[in-house]
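Both complexes below contain chain A, partnered by chain B and then by chain C.
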Partner chain A sequence: MEDAYLVLSKLTKTYPNQPRPAVRDVDIDVARGEFISLLGPSGCGKTTTLRMIAGLIVPTSGGIRVGRVDMTNRPVHKRDMGMVFQSYALFPHMSVGENVDFGLQMRRIPKSERRRRVAEALDMVHLTHLANRRVSQLSGGQAQRIALARALVIEPTVLLLDEPLSNLDAKLREELRVEIRRIQQETGITTVFVTHDQDEALAMSDRLVVMSEGRVEQVGEPWAVYETPRNRFVADFIGRTNLFDGLAVGRDDGLLRVAVEGLGTLSVRTPETGRTSVTVMVRPHRVQLEPVEQLANELKGRVVQSSYLGDVESVVVEVDGVRITAERTHSGRPLALGAEVRLGWGDTDAYVIPQ
Partner chain B sequence: MDGVTRMRTSSRSSGGRTSRAARAALLAPGLVAIGVSFLVPLAWLARMSLNRTVGSAELQSAVSPQSYVDVLTDEFVWKIAWQTLQLGVLVTVLAIAVSYPIALFLARTRSRLRGLLMALAIAPLLTSSVVRTFGWLTLLSDDGVVNSVLSGLGVTSEPLTLTNNRTGVVIALVEIMMPYAIIAMIAGFGRVSKDLEDAAGSLGAGRLRCFLRITFPLSLPGVLTGALMVFVLTISAFVTPRLMGGGRVFVIATEIFDQATTTLDWPRASALSILLLFLFGVFLVLYQRLFRLVEGR
Partner chain C sequence: MKYLPEAIYRTIGAVVVIACYLFLLAPLLVVFVISFDAGANLEFPPKEWSLRWYAELAGNSEFLEGLRVSLVLGLVVTAVSLIVGVTAALALTRYDFTGRDGLVGLFTSPLLLPSVVLGLALLLVLGPVGLVGTYPGLVLAHLSLTIPYVVRTVMMSLNAVDASCEQAARTLGASPFTTFRRITLPLITPGLIAGGALSFIISFDEAVVSLFVVGTGRTTLPVVVFRYVSNNTDPQVAALSVVLIVFSLAAVVLIERALGLKRVLSRA
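After this line comes the complex of A and B, so read on.
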């Protein structure tokens, strides 16, 4: 990337006595002002990567650069990065105001300026009235906002967020999601966000980095990662999905014909892949139950499972031994178990995974 | 001890499930033990302190403040009380200072050897302080290991006087108190956390400032608890001052022993004991005040 601001190159971390590196050859370029999420299951190396950026973990090899400055061997306190911890990590022996002030004190900034900047930071998170509170008197959401204010008041080069929302309840999480994104866009700060929650990552990020077993599996805009996963892991990890392994048996007019055991031959609109053994992905919300129009792929099956979730109904239909998950919106009364249903999807609703 | 009780009660089970009677029954053995082994003797001690001694060690039953008056107007008692306090403060400061790094390390390490190191740190408690004091006597005496090495290396021409004086008492007491200091401090280091230190680092604090502004203030509850423990044990210590002091170091505890066994003035010994107890009370209150201050409540 030409205008890359935060650059990780071949970043690797190997722990002694562990056969597999925790992070392996991670290359990520983050543009100035970009919000990027590291997403993956626990143990995928996303937090290790973030902590290497912060300077809390020394990489085994590889480099970290911010702008033109090489950060790889710089100690944490000289990196000028703001970090928000999962545990908030507010200093319990200081008031809210003193917490926010701490980073400014470390920079030996004159008192009058410190007072102004602390006030501005608290105002940004709408918690000016809590300046004199003790940290122990804050709610989880308030503590998280203060942690954010404390990280941003030092005007860091990069903002690092380590699962900042995972200790909050669902409603608050959504609220803070919007707020963090608002503040990030207002300040224009380059942000790296670590999460295992794909909804969070999809909703907040400019780009996603999907990681697994210490490696980067895919980097891209949320919609692109969701719609066109690069491999089976990403397809499976991001969103719910149906994956069918089959053989490419023919091709005409941009349509690939794939023979799948139990389902017959499926039609998928896809560019040439050149491979015979392929995996077809169909997202559950693309599967139509009792379709009214003619579809490229139509099947018949029996309902074996149904979960009513309010806004959608998630239905599992078994077609000749193959289970297909579909989502019904505006569902009304849920489908009865054992009911015979028709289902189908168009040739553009499916996607052939490249690897 | 406010801090300690609070830590204990936080792990209690929800109260609703055990009935009042069951709770009383569960508490009974402990209460009886405390009553028989502590409260009854204490009451007996208080009663004894009001008796009188006439002639040469003849005990006379009475209700008289005479022994308190005698004790409080005796310049020698004030002198040894002052010496006891000095010894207490000195040993406390030194024992905490040398134990602090060990306790902090043990509280934070994630090494697999943590359990072993912990056991090693408190293993000295397995031997009695009498044995350990004799150990120090052989190490520090005029022809002991320390002096042999020093004179053998030509560092000293005359042996250093390290026993039968206050120096020896302090050295031995500091070592004897270390396991207590370490245990008490580790228990009080609950608020010290890696995340907070990492956060301070990311905000621009180097190692020293991180320690001074974050780690040390957060470790104060542990330091205070350890200090109280060491101080109380030191000012009531008898064996070590007696043996290492060689009869030349006087503290309240040795004075009580002398009064009870040599002079046979039991009322005076009892009055001294009650005064020592009063001193404990004063320091407990002081500790609680300080604890609240450092916990920021």
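After this line comes the complex of A and C, so read on.
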């Protein structure tokens, strides 16, 4: 990327006494003002990567650059990065206002300006009325908003968010998700967000970085990562999915014919892959139950599991020993276990995973 | 079978608690009473009352000198223990290095070295270098007793502080030292007061180890008392004990006020 602002190059962290590096050769370019999420299961190295950006962990090798400035060996307190922690990390012996003021004090900013900027920061998170409160009197959502104000008041070059929503309950999490994104867009701050929650990552980010075992698996816009995962891990990790391993047996008119045990021959519209052993992905919401129109792939099976979730019904259908998950909306009464159903999907509803 | 009413259990409980306290406090009460005895022998109960022994105490230069040595020693030992203890505790809780787990184990295991052994060992070490009966010698001897306690209490405080608070301060532009001064130190203050009080009391109260290392030089109060009691049987020591009890009660109340107040403030 030519206008990259935050650049991680070949970033690697190896801990003594651990055979595998926690983070291995991570290359990520973040554009100015971009919101990028590091997403992956626990232990994938996303938090280690974030902490290396902040300077809290010293990389074994590789480099970190912000703008034209090499940050790799710069101490934490000279990096000008704002960070928000999962545990809020507010200073318990200071009031809310003093917490927000701390970073400005460290910068030896005159008192009158400090007062103005603290007020602005509190206003940004709509918590001006809490300035004189003790930290222990805040709710989780309030505490994390204050932590955000504290990180942003110093006008950092980069905002680092380390699972900031994980300690909050579901409803609050969604509310704060929207608010963080709003503030990020208003301030135009370059943001790196670490999460294990794919909904959060999909909803908030300009781009996602999916990580596993210390490595970057895929970088891309949320829809692209969801619709066209680069490998099996990403397909499986982002969203729910059906994966069928099969053999490419023929090709005509842009349609790949894939033989899958138990399902017969499936048709997928895909560019030439040149491989014979392929994995076909079909997202559950693309699978139609009792389709009314003619579809490229049609099957018959028996319902073996059904979860009614209100807005959708998630149904597992067994077709000749192969389990296929389908989702239907406006479902009304859920399907009975053991019921015979027809199901199918179009040739553009499936996707062939490249690797 | 019928159950006894709860009131009976409560009464039994109260009786046991009172009995325990009596057992613990009775000797102190005896000392308290005897200190007001007008006679020249340790006798209970006294036949006549007076403040005579308090007056003699005020004029006893050996006791006063011992008290002075013990106070100076206690303060120096406490200050040094806190500096060393905080530094060590920081290293043990915030940094990872080879041998750390071993050191943590050493500092957190029960401190069960017999004082007699320690006293003898210190005498053998301090003797040849000419530190027996000197302030530096006594300070070193007492530090070997107090530092583990201070390290322990400060480590407990440090473990209770969320390390991400310190990290947050660093990202906000605070140098490691500023972070310690502005964030860590205020948050571990209760631990410091507790550790400091403990180390002062240990130093002030220490008799066995001191007995070995005072030699013929500077002598601490407990050693003076020990020697006095070996040669005399008058109630002057009882008067001294009462003074010390009042002194330590005042200290405990002060600390409780300070710590209690802190807790109240953090919640307000």
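As a convention for this text, the second predicted complex is superposed on the first by the 355 of 355 C-alpha atoms of A that agree within 3 Å, B and C clash if a C-alpha of one lies under 4 Å from a C-alpha of the other, contacts with A are read in each partner's own complex, and residues count from 1 in each chain.
Rule of thumb we're sticking to: contacts are C-beta pairs under 8 Å (C-beta built on N, C-alpha and C of every residue); 3 or more make two chains touch, one makes a residue touch a chain.
Keep in mind the model is a prediction, meaning the values are calculated, not measured.
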Overlay done on chain A, so just call it for chain B and chain C: clash or fit. clash
Scan A:N73 for contacts with chain B and chain C and give back first, second, both or neither. neither
Once the structures are superposed on A, label A:R134 by its partner contacts, choosing first (chain B), second (chain C), both or neither. both
Touch test for A:P92: chain B only (first), chain C only (second), both, or neither? both
Which partner does A:R150 contact after superposing on A: first (chain B), second (chain C), both, neither? both
Common ground on chain A, meaning residues reached by chain C in one complex and by chain B in the other: 54-56, 75-83, 85, 87, 89-93, 102-103, 106-107, 134, 150-151, 154, 160
Interfacial residue positions of chain C with respect to chain A in the complex: 162, 164-165, 167-176, 178-179, 182-183, 186-187, 266-268
Contacting residues of chain B [partner chain A, same complex]: 191, 193, 195-196, 198-206, 209-210, 213-214, 217-218, 294, 296
Contact residues on chain A for chain C in the complex? 54-56, 75-83, 85-87, 89-93, 102-103, 106-107, 134, 136, 147, 150-151, 154, 160
Residues of chain A touching chain B in the complex: 54-56, 75-83, 85, 87, 89-93, 102-103, 106-107, 134, 150-151, 154, 160
